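Beneath this line is the structure, given in structure tokens, with notes to follow.
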């Protein structure tokens, strides 16, 4: 009981460290990320694939409207997990950042720069007193200057670069599978199959249950139903 | 008792996550939406119909003044549910957004864009520290460039696209009926009948108890008493 | 006791929903409205009448100074109930709104527009964190372009249009009487008699205990003592 | 005990209504008004008299410095009661308001306008979150365009017009006396005698214990010791 | 115990009245004034004298640096009591006020005006929510246009005019002595002796233990050691 | 238990001192620094080396993305420890500071100036009320005008200059080793070996587990895998 | 226990007085000053000497970086005690103040003016609601226009002028020694010896354990190791 009471003393303000140096509100925001469906990203030699789980609660719901894949600009895309409305704010932040970079320097923003800017924005919400952290994580995939890149930003505002990873519900299990099956020399087609398979593993193979976007030399593109079926 | 006390530790500030990653104030705002009458939207091949329940507490009340249907611009309308004054603020926000889009780009805003902008506004009220979420949900129906669309925004600031759906009191039961009776090839007339019937099901067939708006190639239009009677 | 304690957990901040989606501070503000004297409004075919109860606590008090009838512009008037100083702020807000409309568009504001603007102002005080709701309700009566209209705005910021209604102490009983006695084809003279009678019902027929204003084709006008006596 | 605890739940923030619609901080500010000496105002046919009690705690204190009578402009004066420093702020507010009116419209402000402006200022301090109400009440007496007027503003920001009244300690008893002795056709001289007598009733007739100001066709003027003695 | 608990409910915010209309934080600030040494002011026919106690805690301390006498301008001086750093802020406020008056109107500010401005500043710190009252009181002595004046401002922001008075520790006892010994026709020299004697009464007659300033036709001047010795 | 309760009274606001003059939130932020991997800096006669531990939790993670070494400008680098997102904000602050100095004075900023500016920024977050301290420490190494310098800034905003030191987890043990092995006349190559060895002591000698940057006459440079292997 | 609880009621906000007129947060900040090493200042006839204790926790730490002596301008220096990062902010404040004075009036600021300005800044942090006091004290020594001066500013924002004094840990004991050994006619050399000896009394005579700065006709200058050895 004591431990419970002690924790409650520090977890009700984003501006507070606990005695052992933890930020509980940030950790709870990570729980919010785990509550939603998973998203997966895999970097191939010739591009990046982003796949997001679709949890369609009604046959009348247009699946595309709850999709967690978002084009940021011609060369970058995002897959989100966690609190949907929070993720949308970060996607808008990312789009504006990309647009400003393009306008300012007349060159596309790299996934690394994009993730860095968004992560700083996310961090600020963990330190200011009158707000809460974002309850969402993003995978940022991009292909700029012939280089495919895959990044993650989490609710603390930390960014990571991955060869392949997953965010959201079940992400730990999916990451284990990716670690054993990923090959750095993988092609974008094989990467797409891998990403879809790790996400649908435990579900029936219904192309409607996932959304897929690839970013390669031709830019950002979402796959249609037939293309997804080919991957299953 | 413990569970009760624990919850109370996290539900009295919009800027707080609970240890399991939930935002209680947003969930309570969803309860506010459920407290009011229901609104229904159905998308047909040639338009969208919005229907709202009227709970007339006095014979001296002008029914139109408590109507939950609002024209946004020539091509878009909104049906609301929940806290009436909160909904009105969102409707004003939507109108201004539509007007700015029209003035800036000289073309009508689509329901999708409109819902996106309003949803971002709603999300901000769930993250800032000195305010509360909006206790209202909206159905946004529109017909732009020959495309009928139906969207929902909820108190978390999440948006969904629907073929047909309901918000407010009893919305779960209404959605079940819609799922079994909706046909994607439905005409606007049939959609109007369907929407009215699912809402009035348990009440006597009084045209005064519902308000109906259709948005099609001719724009936004509310039905008069005789037209509603024809639908019953 | 539990229920009492639970409620107290949510009713001490305007920015908080209770678990069942209620805004307690707004409900308490409605209680503030009930604490004062009643005001009545009746819409006739040729105008609107507003009548307010006068509770004169001293023979030395100038009755007109505690009157709850206020002219807004040439064509609109307000009857208030509840916290007097809060009502005065709303009346000032209404006057400025009317003046701005007149100056901007060179046409008088309608009661509907006026009530809408004031209601939005009232709603904002229910959502911001560092203030309280207004403890006052208004009846807005007006006659613009040959159309008489009667509106109400309450502490939540919701507006209603009425044929006839009452706000403040005893308003429920008065509304019941109005429902049984109101006739939509009523003339302004008959409406004035009705409004005065429902308010003075239980008191001696003293013209000093009520204030009466009529708004018709000739604009806003308050009745003098003899005119009120004729209505008794 | 329960009642005590319940009240304490609502009386420690100016932005809170209690469940029965009361604003406790405003009521406590009214208590602050009662803690000080009384002030009396009486309207005559040809002017207004303001009288304030002087509680001289030391023979070395200059009585005029604790006087609660203040000239606002040539035609208006104020008698205050309650928290002295709060009253002074309101007097300054009144002076500035009068000056602005004079400069803007080149005509003197009436007591009614003056009281209205000050009352709005007072109300705002009862609704904003980071301040407290003013612990002072004012009597505003003036003589503009041949019309004598006497107003009161209280800590809630409500204003009243009076023929004669009292504020501050013992004001209820004084008002009773005024009600029985006041005659609307009273002359300023008789009004002055009445005002002084109701205030000094229970004290020895020492001209030092009261301050007297009259406002009539010749403007605002304070009486000297001999003039006060003549009134006793 | 109950009383203790009740008081604690209201004394921890400057923006709160207690149920009986008191402002506890202001009363506690008055205690802060009582904690320091006393200062005395005496008005003579030809000037004003200010005397402040010096509590020299170390022989290495330069007595002048802890002096509580401050020249404001050529014609006004201040003696302070209470929290030293708070007093210094008020002295700076006074100096700026005097300078602005001089620059704006090309005439010296009177002690009365000066005290009024400073008192308003002090009052504001008792009403705003995010600050505390000043824990200091001032005696303002001045000689302008041939008129000597002595004022006091206290932590509530109230000002008083005195013939002679004391602030700070032991001020009640000193005031009693002053009341019995003060003569309105006193000369500045006699006033100086009186002021010094009431302050040093209980201490050995060490000229180092007091600081003395006189303000007369020649302006503000502090006395040197010999001059003080002459007064003992 | 008492001690525990007492501490909790003061550790939940950055703006509070405990009775013994401690700032608990700053101390907890130091714990956050200890929770991460260690970073080491060693100053040689001809440059500075910074080495950071890499904790690679997955084989799919790009090690460079979690590196805690950051180039600030041509002549300065930073090694961080603690909360990663907080550190990144400080690195950005450092970069902007360096850029502004370069632009303003057309000369590179020294490590001392750089650390001073960042430390002031860090201190402000320990004193303001609506934020929390930074949960990160930095080592700043630079080589400007032929002078190598190594500084540290900690969560309190204090800066230190070192010959060699460590921050983060295990830093106390590493510092002990450095104290016994450091020689002020050490060359950059030897310093690099020393820094790597103290960090990898308890781990297998895997060049992937550390990142190394040197700053010397040629500016800032990170070592590649082979160069690190040579140091092991 | 009661006393403990009572104190805790008032010591957790800088904007609160306790019932006996104390500011606990300021008193706790004074404790923070006592937690660090001591600094000593001695005024001689021909200059001022400042000496600060060095607590070197590691042989690798550059002693000069933790020095508590800071040059402010050519003619003024500061020795600090207490929270190091807080002291640094005050030093920066002092430097800017000196620079502005120099630029505005083309003459050096005196130690008295400098201390006054810094003290006002410090006081403001004891009165505003959203911050904490500075946990640092300063000794300000200067030599302007042939006059040596030594001042202290403490966490309350009070300033004192001294012939000789100490701040920080053990300062009470050091002050006692200074009182018995100080001679107003002391030369700067003798003052330097005195200052060093009182600080190192209980430690071995290691010149590394103290830092010494003198300010005389030639301006501010720190002593090197040999010069300090000569003083031991």
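For clarity, chains are labelled A, B, C, D, E, F and G in written order, and residue numbers in each chain start from 1.
The definition used in the following text is that a residue touches a chain if its C-beta (ideal position, glycine included) is under 8 Å from a C-beta of that chain, and two chains touch if they have at least 3 such contacts.
According to UniProt, the chain labels map to these proteins: A, B, C, D, E, F, G = Proteasome subunit alpha.
In this text, all values refer to a predicted model and were calculated from it rather than measured experimentally.
Asks: List every chain that touches both subunit B and subunit D.
Replies: C
Asks: Subunit D-subunit E contact: same residues or different, taking over half shared as same?
Replies: different
Asks: What rotation angle takes the CA atoms of subunit E onto those of subunit G? Round to the nearest 5 degrees.
Replies: That rotation is 50 degrees, given to the nearest 5.
Asks: Mind checking the centre-to-centre distance between subunit B and subunit E? Centres are C-alpha means, answer in whole Å.
Replies: Those two chain centres are 66 Å apart.
Asks: Between subunit B and subunit F, what distance separates the C-alpha centroids? Give it in angstrom.
Replies: Averaging C-alpha atoms per chain gives centres 53 Å apart.
Asks: Two-or-more-chain contact residues of subunit A, please, as numbers and ranges.
Replies: In subunit A, residues 14, 129-130 touch at least two other chains, as defined above.
Asks: Does the chain-touch network form a line, ring, star, complete graph or other?
Replies: ring
Asks: Going round the ring from subunit A toward subunit F, what is the chain order?
Replies: If we begin at subunit A and move next to subunit F, the sequence is A, F, G, E, D, C, B.
Asks: Which of the residues in subunit G come into contact with subunit E in the complex?
Replies: 9-10, 13-23, 116, 119-120, 122-124, 126-130, 151, 156-165, 175, 178-179, 182
Asks: Give the list of subunit C residues in touch with subunit D in this complex.
Replies: Against subunit D, subunit C makes touches at 8, 11-12, 14, 24-25, 28-35, 58-62, 64-66, 83-86, 88-89, 92, 125, 129-135.
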